[in-house]
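The same chain A turns up in both complexes below, where it pairs with chain B and then with chain C.
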Partner chain A sequence: MSQRAVHQVSGVILHMIAPENTMEQVVRIVGDVARNQRIIYVTVNRPYKQLIATLASHEIDHTKMFFIDCITAGGHVMEKNDPQNCMFIDSPQDLTGISIAITQAIKLTQPNVTLFIDSIDALVVYNDESTVVKFCNFTISKLRSFGAGGVLLARKSGKEVQVVRDVALSVDEVAEADELVEEVT
Partner chain B sequence: MITQATYNQFLSAVSLVLTVYTVYLAHAIYKYNRFSKGWLFIIAGFSMAVVRRGVVYLNAAIENAETSTKLVLLESHLAILSIIMFVFGFWWIRNDFAGFKAIAIETETKLKRFMAPKKRGRTPRKKR
Partner chain C sequence: MAADEKDKQAYVLGSFLLAFIIALVIYVFKPGGEDALRFFGDSFYVLFAGIATLCGVYAYRMSPASSPHKKFLLTLTIAVALDLLAGVIYLIYESGFGVIAPFPSVADAAWLLFYIVAIIAFVYTLRKTRHLIKKTTVAVALTIGLSALLILYAALQSILTDDTYAMLDKAVSIAYPLLGIAAVLLAFLTLSALYGSRMTASWIAFVAAFAVYGFADLIYAYLEWKELYVTGSLIDLLWFVAQLLFAYGFYAQAKELR
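Moving on, here comes the complex of A and B:
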């Protein structure tokens, strides 16, 4: 993977992450991209509060990122003291709701924006494999039509789930986190 | 020559087949968007309509007055049950669409505030 692609995401990249120290790897990737681009971060793994605490502990400026949190308690109602850089979706099963939020977010933040989806295998826990593939393909098409970059994260488990293999066919590039870490350091 | 009874039976049979096809279509739509559980009620409603059509078809063939009365009562119950399923299912689907609209509006509101240039506080001048 080229150094340019790490700093400036222009296409759609599928990032395979090693199962050990996943958060460390995610933080490195996000921190690197956040230097040059706005980030829309769809989290299916960790709640917003935990995520920003981790990013802050690594001195990454999360105020320039917009989060779409799919796991903080469902039935969230908009409150006055709601974080302005986070949209809460009731459930990771609400793929239509997630798609709507992503579309709005890309439309209003373009150009120079990168979408992160953390992660594809977490989506598979809550949805059918075929539905997740359809969702990923829809999101990839959306990103391309808006000219935005995308990073889809997936855990490298040795025997990758069929979804990851299917999504790999639609992206511009498949990257291994190890390569990225070596290049960044 | 086609009698009135035969014609009625023919219509009932066509109606039965079309309702079964509607159940299939409702199930296919549900498969596209599994999140909307309201479609399950629509499927249940159409399935009851299939049974109801079957009862009507059966009733047309039966000559026993007592059995026929029971079947008419069963048909009425099935009709009201299927309508309840439709009402509940479409109410659920409408709520889902309202939720999607709410997500779009809330995301837009938050993003506009997020994208707005931040006001920088002035640093107070030092007194000489």
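Moving on, here comes the complex of A and C:
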């Protein structure tokens, strides 16, 4: 994984993240990419509010990012003070809804945009693996057709979920965030 | 898996098995004598390599556009197509020109290229998936590789030290099993990186195909040195098995990619 690819994501990368300090690693990758590219962040692990608080605490400008929040309680009612840069999806099980939201977000934020999915192993908690693989492959094809970059995050454990191995040959690169952090530092 | 999908898979596997059994029966009973068997043997080689190539093209067409997987399938299909080309050249030598068991020949060049292109395919895949391989697996692969090299050295030492055997003949004889070992190890590492995915069966088929191919080539190198090899020898059946394993590996990938 070269430093150039970290700053400027041009393809689709599957990032394996060590189970320890996952948020630290994610924030560093996001912060690095955000210097040069607009980011669409699909969160399946943390609610939008918690996520932007974390990014703000690391002095990462999140106002130019677009969020797709799949974890804030389902049945979220639109309010006047809802953020303009976030879409709320009822549930991580609604992969069709997530996919439509991604398409809309790419169209809104193009060009020079990178999609983050945090994370594909979290999607497996809510969906069966074969459905997540199809969703990932469909999203990867979509990113290529739009000319957008993509970072699929996956927690690295002793026994990676099947979906990681199924997606590994669809992405342009499988990278380890540990190395990435060292290289960036 | 849907019932019609299972039926289709059973039909494909049944066809492969039937074709192999027909070849086996012809090799055992040798209808028409040695000359007919030579023609049948070369023709079966071309047929099975053709089936593997067609399955490779099918898998390639099913794979997602611009993906590393598509590039891998393209490269491995080119490798298998080189095997087909080599088979056709060998058939022309034996049945067209009447040159029996030509060695080394243009066909050997195509066969060596088959290995080299296949190795490129697996190196490319491993560059993409190396983070999914455990260090212990690499250690196991290296140990197996070193052991295989030692066995190879012991088996082919007579060829290496034979002053009457031409240098080019020696080089080709050694290159086959050496490239075979490299291909098996790289295919094994790819399997270990992607073990547990929906396509595990196909990766196992590729490893098995290279293992059978490499083993058959080792025997071939020895028989060729002893001037004992003729088309119609039972080791031909090993190549047929390897080609059908390639065909199955491609088919299994295409099935999952559909």
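We adopt the following convention: the second predicted complex is superposed on the first by the 185 of 185 C-alpha atoms of A that agree within 3 Å, B and C clash if a C-alpha of one lies under 4 Å from a C-alpha of the other, contacts with A are read in each partner's own complex, and residues count from 1 in each chain.
Here is the rule we go by: a residue touches a chain if its C-beta (ideal position, glycine included) is under 8 Å from a C-beta of that chain, and two chains touch if they have at least 3 such contacts.
Here the structure is a predicted model, which means the values were calculated and not measured.
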Fit or clash between chain C and chain B when superposed on chain A: fit
Contacts of A:Thr131 with chain B and chain C, given as first, second, both or neither: first
A:Arg165 touches, of chain B and chain C: first, second, both or neither? second
First, second, both or neither for A:Arg144, with chain B first and chain C second: second
Per-pair minimum CA distance [chain C against chain B, superposed on A] in Å: 9
Chain B and chain C contact sites that coincide on chain A, given as residue numbers: none
In the complex, chain A residues that touch chain B: 66, 68, 78, 82, 84-87, 89-90, 93-97, 100-101, 104-105, 108-109, 127-128, 131
Interfacial residue positions of chain B with respect to chain A in the complex: 33-35, 96, 99-100, 103-104, 106-108, 110-115
Partner chain C, residues of chain A touching it in the complex: 16, 130, 133, 137, 140-141, 144, 160, 162, 164-166, 168-176
List of chain C residues in touch with chain A within their complex: 64-69, 72, 125, 128-132, 193-199
